[in-house]
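What follows is a pair of complexes built around chain A, which joins chain B in one and chain C in the other.
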Partner chain A sequence: MAKELERGGIPTVHVTNLVSVSENTGAKRIMSGRAIHHVFGDPSLDADEERRLRRQLVEQALEMLKEQEGAP
Partner chain B sequence: MKRIVHYVNQFFAGLGGEESAGSPPGALEAAVGPGRLLQTLLGEGAGIVATVHCGDDHFSENEEEATARLLELVKAAEPDLLFAGPAFGSGRYGLACAGVCRAVGAELGIPVLAAMSPSNPGADTIRSEIPVVGTGESSGDMRAAIEASAAVIVKMLTGETVAPGSEGGLIPRGGRWNTRVSKRAAERAVDLLLAKVSGDLVETEIPLPAFQEVEPAPGIHDLGHAKIALVTTGGLVPRGNPDGIKSYLSTHFGAYHLESKEHLAGDEFESVHGGFFTAAVNDDPNRLIPLDVLRDAVRDGSLGGLHEYFYSTTGNGTPVETAADMARDIAASLEEDGVDGVILTSA
Partner chain C sequence: MDFELAHFPVRSLCWGAHTEYREGELVVNREALRAELLAEPLIDDVELSIVRPGDRTRILHVVDIVEPRWKDPERGSPFPGSLGPLYQCGLGRTHALDGVAVVTSGSLPRSEEAIIDMCGPGSELSRFGQMPGLVVLPKAREGSDPGAFGLALMRAGLRAAVFLAQTTQGLEPARTEAFSLDLGRNASTDLPRVGYLSFSYSHGIGRQKLFYGKSTKDIVPSVVHPNELLDGALVNDGYTKPTKNATHDILNHPMIRELHRRHNRDLVFAGMVLANHYATYEEKAAGAWHAARLLRHVVEAEAVVITKDGGGQADVDLMLACRACEEAGLRTVLVAKEESGGDGPSMVDVAPQADAMVSVGNCPEKVRLDESMELVIGGDGFLGAIQGDVSGTVEIPVQNIIGAIDPIGGSTLTARPG
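Up next is the complex of A and B:
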């Protein structure tokens, strides 16, 4: 899906913890999330910490959308 | 003698090249062009009783009508088998071979075989349904293509099962069939491992699919003015799953309006993904679709805006082609709505 969105001209960051699967299909911008069951969070943290973590992960994802040449 | 009908395009029927590509369906009561070599290789047991032909342009522009007419011509020759091609890398010719094979197989119930390059779009169209001999890209490969085809034809005419793998130069059909092998799995695994460490590994038993390369889209210059959309293969849907998104082998996606929501609430959304432990996401869907912090980013100006819908399907077991189709649909609507980038999340 990431590849087809990129092909359609829309930079796409794939956030997943099965990075090798994404790499094998040839996705261009791949980011490793926190964990398979919760890529953008962590239930072991308290609510504020988790939200800070999520913000930080989102910033990281957005940065990857800026890259001219998508690279994992 | 077994009766074979051979399908070729205008060029191989000897009617001319591109200038004759508009020629309508016709039949000759003999082997012509590549059929002559095939006839020699088949020997006494089988004979080409008719060569049925059609111009490539004519077929692609009048597919339904041409297929019906070709079917009549094939039927009139009362064949035991139809062979189409080799079409090599020619897309229109390959698609015509695929169309004729499909129609003849379905209507006459006889064995059908095509030959073309694995990269020919016709091969993709038909290879899951009928055997296709893989050839090179051009007619320079004619001899090898006809030899491989002749061997498969002989096998088919004797009623032998044609395996779905690459045996005999066939393009793998993508299915799984039971077959008897001489060694058990443990022995084969050790053999493969030994071959791999010694560098002699010729062929794996299960080749991984080859994926096409894609050029990355240009990156976003200014996030402060960019609109981002959220897409997930984690199966997040409004509770009750109004669009019936499947938890496995998904075939479609849902588009859900974010309205003025500041975050995604666990009592409104749930994941219907059947391939991961969804409790953490169901407790707080922002762990999959990080809406809460993206709203923060828009508020503080570090991000221009968010697309008003998020898109969701499940990614487990979904064939790559189905996923690609869904993504093309999503890409088209995002483009229309002026979306500059996507965060795609997967479990």
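Up next is the complex of A and C:
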């Protein structure tokens, strides 16, 4: 899905914990999420810490959208 | 390590005044068994049924299937840690009631449908449709935590299994089977040393196995003796059922049995590593390297067979372990179920080193169950996306027939290049 969206001209970040699967599929922008059951969170943290983590992960993903294809 | 299974074949199963085993006939006192199972505080009531091959009966929402086992209580419980006191597994003699199943059923959070049909095409696809079964359907005490009730349901299956097999105490078995395996180097043979790497489902309550009662979530890849798995060290606590192994499968572990059978014939069964399916990629990668090191340097294997317990994320473990083992110089064979919807890939992950794989079947392959049932046990509708007549004709993915696809090799399905 990430590949097709990207092909259609929509920059797409695939957030996943299973990075190798995404790489094999050929996704362009891959971000490693926290764990396979909760890519955007961590239930072992307290609520405030988890909120900060979530925000940081979302911002990181948004930053990746700005990257040009093929750029490091 | 010498382990002996004393086999007591069951030809018929029925209710009666006294619970006893006599020459292949297993009689169960329903009230006594009920009282035994109500010892679980979170179980308010329990419905018990007997099913037989050929019955027009369908069992829904299957949670686990257990083979009845008994051993001298001085040597712990047949399922140590998971039910009753701890003792080392895989030593001495354990009694087994052959050809009979204790089936637990229940609807728990995020359960997936698992069906046993006692007649028709569904029964032909699974050994559990071809043996008499005692179905345990507990009702949760109001207000109980679903996870805690799930554990009580799991223990109820084990309790019923011990209750049935206790009938063989003091009796002479029909036959005994010895599993003798001394691990370690034997200089007198040139046969190839084959190790086994067994991944185990391990994502928390209801999505895990228990190893001596401890969640597989909390273990690291470890060298264990194969006899331990044949003797109740590992039990299932999972209600996301299809394509994960039931306790009955592990107790009769087809892969371990086959490696035992061929030991000192055309290979040396060098030993095994029990590993878990970690929840993060980093842990998966570290676990794969760790397992490969144990197989290479502790088990001293030259070749490895790897099986998994689940799908999707489990493919990543399989491939990481394949790569780690091959890079450690071990020839590696993978055993895997497939998830091919048609023209798509059948695994979510593939490593370049994966050049020897055995398929145990394609999960989404549709089968049509067209037998009309007189009795449906466990629920009045299918779980998940399955649409159809609960007591009549329905088309379902073959994976939802429990036992049709056995990740450790006990099923008869496979897939070949077309």
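Some notes on this structure:
Just so it is clear, the second predicted complex is superposed on the first by the 69 of 72 C-alpha atoms of A that agree within 3 Å, B and C clash if a C-alpha of one lies under 4 Å from a C-alpha of the other, contacts with A are read in each partner's own complex, and residues count from 1 in each chain.
Simple rule for what comes next: contacts are C-beta pairs under 8 Å (C-beta built on N, C-alpha and C of every residue); 3 or more make two chains touch, one makes a residue touch a chain.
The structure displayed is predicted, hence computed values, not measured ones.
Once chain A of one complex is fitted onto chain A of the other, the partner contacts of A:Asn24 extend to both chain B and chain C. Looking at the shared chain after the overlay, A:Leu57 reaches chain B, while chain C stays out of its contact range. Once the two complexes are overlaid on the shared chain, A:Ile36 sits against chain B and chain C alike. When the two complexes are overlaid on their common chain A, residue A:Glu6 makes contact with chain B while staying clear of chain C.
Put chain B and chain C next to each other and count what each touches on chain A; the higher total goes to B. Shared contact residues on chain A (touching chain B in one structure, chain C in the other): 17-18, 24, 36-37. Per the touch definition, chain C reaches chain A in the complex via residues 203, 279-281, 313, 315-316, 319-320, 348-350.
The part of chain A that touches chain B in the complex is made up of residues 1-18, 22, 24-26, 28-29, 33, 36-43, 51, 54-55, 57-59, 61-62, 65-70. By the touch criterion given at the top, residues 17-21, 24, 32, 34-37 of chain A touch chain C in their complex. Against chain A, the residues of chain B that register as touching in their complex are 208, 211-221, 223, 226, 228, 231, 233-234, 276-281, 283-284, 286-290, 292-294, 296-297, 302-303, 315, 320, 323-324, 326-328, 330-332, 334-335, 339-347.
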